[in-house]
Amino acid sequence: MAAVSSEGTEADSDGGSEELVLTPAQLIRSLEQAWLNEKFAPELLESKPEIVECVVEQLDHMEANLKRAKRGDLKVSVHRMEIERIRYVLSSYLRCRLVKIEKFFPHVLEKEKSRAEGEPSILSPEEFAFAKEYMANTETYLKNVALKHMPPNLQKVSLLKSVPKPNLDSFVFLRVLERQENILVEPETDEQREYTIDLEEGSQHLIRYKTIAPLVASGAVQLI
Amino acid sequence: MAGERAAELVRELHRAAGGHLPPFRAEGLRQTLEEMRVLYERNQADVSEAKSGRTDLIFLVRFRHCCLLRNQRCILAYLYDRLLRIRALRWEYGSVLPNTIQFHMSAEEVEWFNRYKKSLATYMRSVGGEEGLDLTQDIKPPKSLYIEVRCLRDYGEFEIDDGTTILLKKNSQHFLPRWKCEQLIRQGVLEHILS
Amino acid sequence: MSEAYFPVGPGLGLEENFLSLDDILMSQEKLPGRAESTLPPLTFALGQGVSTGDSIPEGSKLEIPLWLAKGLYESKRRIISVELPKIYKEAWRTVFSADASVVDLHKMGPYYYRFGSQLLNFDNPENPEIAQTILQTFISRFRRIMDSSQNAYNEDASALVARLDELERALFRAGQKELNDFQCWEKGQASQITASSLVQNYGKRKFTDMDG
């Protein structure tokens, strides 16, 4: 995975360089993409710590600039508004992730546990800490208030089995960013057979999330 | 019927619509746990009888076991759904809950809430630069920096961004930075007036 | 509706969600059954309707909650057999296929779809027909529910809603909320920050407490 940096104002992504340098505008666009995907995907997506970190830096940078600016300068309120907008998108994105982490915590932690070395994590280190605490807090609570007072054979309950999984069969709207060929679509009825489709760049579709989940992860499609 | 008390806990909670938190039913919970104890004890006795030949008891044992599982499920679903409601309070009300709400919570629920608050605060401090990022703010997309608000009750002095303080008196109107007053609006102290 | 309260929803199809209040209440609903052999006294367990200390003779009719029927069904020895509730039987299936929109599903249900899907857990030769009827009923009623949820803004829709099953009510409410949000947005009120619905509820109570 290439590192993202908000330093520099020009995009200079010469093919050989490891570090992908984004302009502030590109950075905000990638935040917005991550935000919309997260809002519409039924499961928790891969975390984007680089984007979050850079946006935070960018906000700090803008704040600092504002402090230096003269009072009453019209530019100040325009910049202030820009900061408010970016902060809203960032907050909304992180909030949406927290909601999913709380909703699916046993599954999210299980997925993290079984993650192979080198595979990208779905949780940032801070989110991972939060999820573990949420799990421990909830387990302790249920044990102390109810389970330990129950008959011995009923004192254990698997939260992994009790808390529902994300429904990957749900439908999502998407826009195609990079043309895709031969996407396998599962049959909807007994009479149908599986078939393949091509996704043209710029076209929009309503489809089961499961079918295109890898394309969301790779950035080839954008959920809308 | 066995399982009836447990179902009543669930029914009452389900009736409280919109995430509202009704009083914690400690007595209902205690009685359900007691019912489970009795069911289990009778089953213990009958299982050994059944093993020594009384096969007619197998049905009864199975039946009681179903009731035990049902009670377990109802209790856990009751407690878990209440946690989800308590969680919502943190997001909509802020970290300090009024007494009227705390009266509806058990001591263990208050403890769960405090730990939740702490984890959330740690998380929010860890993202977003020096001061952290308060994710319970900025719930709606901003349209303007300043908004017009009316004060719904006497609140007292309130510091705004540049260090000046204003007095929030009932029915007074103010033009304030949006991000300073979002929480007071959600708490029902201020009302956002659209021009 | 609190915007930060996300309850565990009901399961899909044959599955129940263990922690879903909706599924627990759905599985409280009863279905008719019969004792296939003499049953031991179930006084403590079954309570009223069964007199103290008496066995239940073979062939007795019983009313069994779904959760219990499912639990007992797992055992090999069928001691209680379950039957279809009348609304899923052939006579009613005919009514549904003629005009599903006239049926008061709340009175007959109120969990018509979820309970019906759950019945498929029991090996009944009529299962394919039951599944088909449930699906067709939903399809033929959906259009009207969606239309009225989009038109009933600020109008009294209680007569229609009164006849809807729980799943349909949830859809109706979702449609209304959507419409409401859209109209707010059209009027430029979407950016208005409002007091939390939880706060509004508790707030009222608090002020009356203070008065007292």
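We call the chains A, B and C, going by the order they appear; numbering starts again at 1 in every chain.
Everything below uses one rule, namely that a contact is a pair of C-beta atoms (placed from the backbone, for glycine too) under 8 Å apart; a residue touches a chain by one contact, two chains touch by 3 or more.
This structure is a prediction, so every number in the text was calculated from the model and none was measured.
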Between the pairs A-B and A-C, the one where more C-beta pairs touch: A-B
Centre-most chain [mean C-alpha coordinates]: B
Chain centre separation in whole Å, for subunit B relative to subunit A (CA means): 26
Between subunit A and subunit C, centroid-to-centroid distance (C-alpha), Å: 34
Residue list for subunit A, restricted to those that touch at least two other chains: 162
Residues of subunit C engaged with two or more neighbouring chains: 6, 8, 18-20
In subunit B, residues with contacts to at least two other chains: 69, 76, 80, 87, 140-142, 178
Touch list for subunit A against partner subunit C, complex: 99, 103, 161-164, 167, 169
Partner subunit A, residues of subunit C touching it in the complex: 6, 8-9, 11-12, 17-20
Subunit B-touching residues of subunit C, taken from the complex the two chains share: 1-8, 18-22, 24-25, 28, 39-40, 42, 44-48, 65, 67-68, 71-72, 75, 77, 79, 188-203, 205-206, 209
Footprint of subunit C on subunit B - complex, ascending: 1-4, 7, 10-11, 13-14, 17-21, 38, 42, 56-60, 62-67, 69-70, 73-74, 76-78, 80-81, 84-85, 87-93, 98, 100-101, 139-143, 147, 178, 182, 185-188, 191-192, 194
Contact footprint of subunit B on subunit A as seen in their complex: 52, 56-57, 59-60, 77, 80-81, 84-85, 87-88, 90-92, 94-95, 98, 102, 126-127, 129-130, 133-134, 137-138, 141-142, 144-147, 149-151, 153-154, 157, 162
